[in-house]
Amino acid sequence: MEVELLFITPDAEKLIEAAGRTSYLSFEKSSEDSAEAFVRMLIKRNHLSVLEHAYATFRISGISRSFTHQLVRHRICSFTQQSQRYVDESRFNYVEPETIRSNPKAHSTFVNFLNEAKKTYSKLQELGIKNEDARFVLPNAVQSQIVVTANLREWRHIIELRGKPEAQWEIREAAIKMLKELQKHVPTVFEDFEIDERSRTISRG
Amino acid sequence: MEVELLFITPDAEKLIEAAGRTSYLSFEKSSEDSAEAFVRMLIKRNHLSVLEHAYATFRISGISRSFTHQLVRHRICSFTQQSQRYVDESRFNYVEPETIRSNPKAHSTFVNFLNEAKKTYSKLQELGIKNEDARFVLPNAVQSQIVVTANLREWRHIIELRGKPEAQWEIREAAIKMLKELQKHVPTVFEDFEIDERSRTISRG
Amino acid sequence: MEVELLFITPDAEKLIEAAGRTSYLSFEKSSEDSAEAFVRMLIKRNHLSVLEHAYATFRISGISRSFTHQLVRHRICSFTQQSQRYVDESRFNYVEPETIRSNPKAHSTFVNFLNEAKKTYSKLQELGIKNEDARFVLPNAVQSQIVVTANLREWRHIIELRGKPEAQWEIREAAIKMLKELQKHVPTVFEDFEIDERSRTISRG
Amino acid sequence: MEVELLFITPDAEKLIEAAGRTSYLSFEKSSEDSAEAFVRMLIKRNHLSVLEHAYATFRISGISRSFTHQLVRHRICSFTQQSQRYVDESRFNYVEPETIRSNPKAHSTFVNFLNEAKKTYSKLQELGIKNEDARFVLPNAVQSQIVVTANLREWRHIIELRGKPEAQWEIREAAIKMLKELQKHVPTVFEDFEIDERSRTISRG
């Protein structure tokens, strides 16, 4: 899995402060380092709507269709996904779960089957079946990629939900990688989240 | 594919009229048969927001995961879907595209592969792999079922979009089946849609 | 303020159960009294998305434009509101806050001003000004009415947020009246909310 | 009315292209000037979802509460508005409709009334009434300011809807001012909109 930050609102904290001070008409209080204190106050008081003015866009690749099917259920996001309807998938890569990779018999069963899937897909193409129908044989493991944009309030929600121990491992891994990027670029907005590297989970302090 | 109407707002036209007359405070104009005329006026003037007060819920079953992955991209809907993470899929049914079924060689290739997929899934289970990871071998063709609720304005949008000739055949088929149910129960709200049975497409008059 | 329940999904708990069991394919477990237990389990585990399949519609009247301006900020709702742009407001009623009503000087100041507002509005009409511009003199206190539809998950969210001690008194009052209706019709979905009649606030048990 | 562009995604067309090419996995086709052609193709084919990855934020000030009450009905936006609940409004400015300003009798009636409103508000404050209740006397004409963020697909929708001849003059004026800013910064995304300066309306070519 690869997570690439394609875009984040530059000086996001400053934009959040500029928008947020509108509610109180107190522009005079802005100063060079007031944005961080302002953002901390918003988070502490749970006034999260102002965080919606800043955005981040990620490209996530090397992930399964099980992952993307789950991710696109978040309705306050915008998605653009690699389409199996039009793309020729005859040379697909795949995602192998750790529990399978570390079990030699399961691993060889899995790899053989994925190779069979690839051959079957190509054979259907040769028999004149269009990609949009040939894809019916593609397993969940086939790699996809997706570009997703959400505002920072929604990213906080997604990361909290998908970083929990009960979340599926693939989406949990994506949440951790995205959080690391977000903490690098807008630390104040995400400083209350902590990654436990051993259990690969996220908690909120 | 089976499409079952689980719920539709009873007397939906009456509720739409009751809500809609609020904007103009003209309750006096309601009469026994005024609801239909009121709904027709709303649609003609494109004042569709009032249609949002009425809802319909469908259960769609016997559809592929390609279909559901597409359907859940509609963000103004509520979905509950059969989860491959928890459900044991070792006895799955599958959807076979017509272009494959009607091509003998493609058909036998497809059927053999789907049987192989079923065996592989069961073998992974026997090797101790949990359902949530064994599902990585499940092809798109594996049948799913989904319950979806949306308001009548959104159903108009979905049906128009997904009934077009360029829509994928499976989602087009679902749009036609849902439209038939909706035209039976709230004819006035959907009377401007027409099904072309030969091309299996929907157009708006 | 008057709060009238215009519509609620009949047998909402049954519909929620029917939709919810889809995720686990365990229809066999449905029985005459299983719906309540199922809904309680969903709420306990915080699996609230299934509650989105059921809906309630209220007409709220005798409320100020301050109230409606706040209410329409909820984005997962559908609204139809009395329009000051088209309706003749020359005989408007108004909402008087309790702190003003109980203060004799404030009360007479308020009442005189509202009468002045009514005269000014009518005078502008006589001078040929259209309702859509004459309304610029209408104070926030002028009564409006609004019809609002939301799903039961969203109603839980609105009622929790707007029933808190820090919520504005008018929206808090509406939350209490709506909660009473909802507890009457779908008790299981709202049984964890409690109204404190003395402080006129809502808390969740 | 003042419309200030607080933020727009820098190089928005490039981000849209980067996201959009994901669906077809055709990164190789990107070149220095391919973004504009790509965006034009999306708009021509009505594949507008990819435009959702880019955002613009405006501060709109000197507008009435009638305007903001209408604006916040757009649900795919984020808003931060000057709150009459907390802000002291005793020195408010106001918006005067052109039909009133150009009618001498209506003008003096309007101005006198607005002065009366200001005095009444201050008097209520002196009598110990809190801002959150004193605001009940504030007319729609009292100036507000609002910060609004939306993605470029939604801005296209808002500008088309609110620039029509039948839209209210104040929101139409805002649509025109915002469109001018957007055409300056992301011309390709908005080049199909045209402003008719004489009628102050917007049409789409």
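All chains are identified by letter, namely A, B, C and D, in their written order; residue positions are counted from 1 within each chain.
The rule is short, and it goes like this: a contact is a pair of C-beta atoms (placed from the backbone, for glycine too) under 8 Å apart; a residue touches a chain by one contact, two chains touch by 3 or more.
Small disclaimer: the values here were computed from a predicted structure and weren't measured.
Participant: Which chains lie in contact with each of chain A and chain B?
Facilitator: Intersection of chain A and chain B contact lists gives nothing.
Participant: Specify the chain most distant from chain B by Cα centroid.
Facilitator: D
Participant: Taking the mean of the CA coordinates per chain, how far is chain B from chain C in Å?
Facilitator: The computed centroid separation for chain B versus chain C comes out at 31 Å.
Participant: So, what's the distance in Å between the C-alpha centres of chain D and chain C?
Facilitator: Taking the mean C-alpha position of each chain, the two centres sit 27 Å apart.
Participant: Between chain B and chain D, what distance separates the C-alpha centroids? Give it in angstrom.
Facilitator: One centre to the other, that is 35 Å.
Participant: Tell me, which residues of chain B touch at least two other chains?
Facilitator: Counting only residues that touch two or more other chains, chain B contributes 79.
Participant: Linking chains that touch, what shape results: line, ring, star, complete or other?
Facilitator: If you draw each chain as a dot and join those that touch, you get a single closed ring.
Participant: Can you identify all of the chain pairs that touch?
Facilitator: Once each pair is checked, the touching ones are A-B, A-D, B-C, C-D.
Participant: Going by the contact rule at the top, pick out the chain D residues touching chain C in the complex.
Facilitator: So the residues of chain D touching chain C come out as 64-66, 68-69, 72-73, 75-76, 79, 84-85, 94-97, 99-100, 103, 105-106, 109-110, 113-114, 116-117, 120, 123-124, 127-130, 132-133, 135-141, 168.
Participant: Residue numbers of chain D touching chain A in their complex, please.
Facilitator: Per the stated touch rule, the residues are 6-7, 9-10, 15, 18-20, 22-25, 49-50, 52-53, 55, 57, 59, 78-83, 86-87, 145-147, 149, 151.
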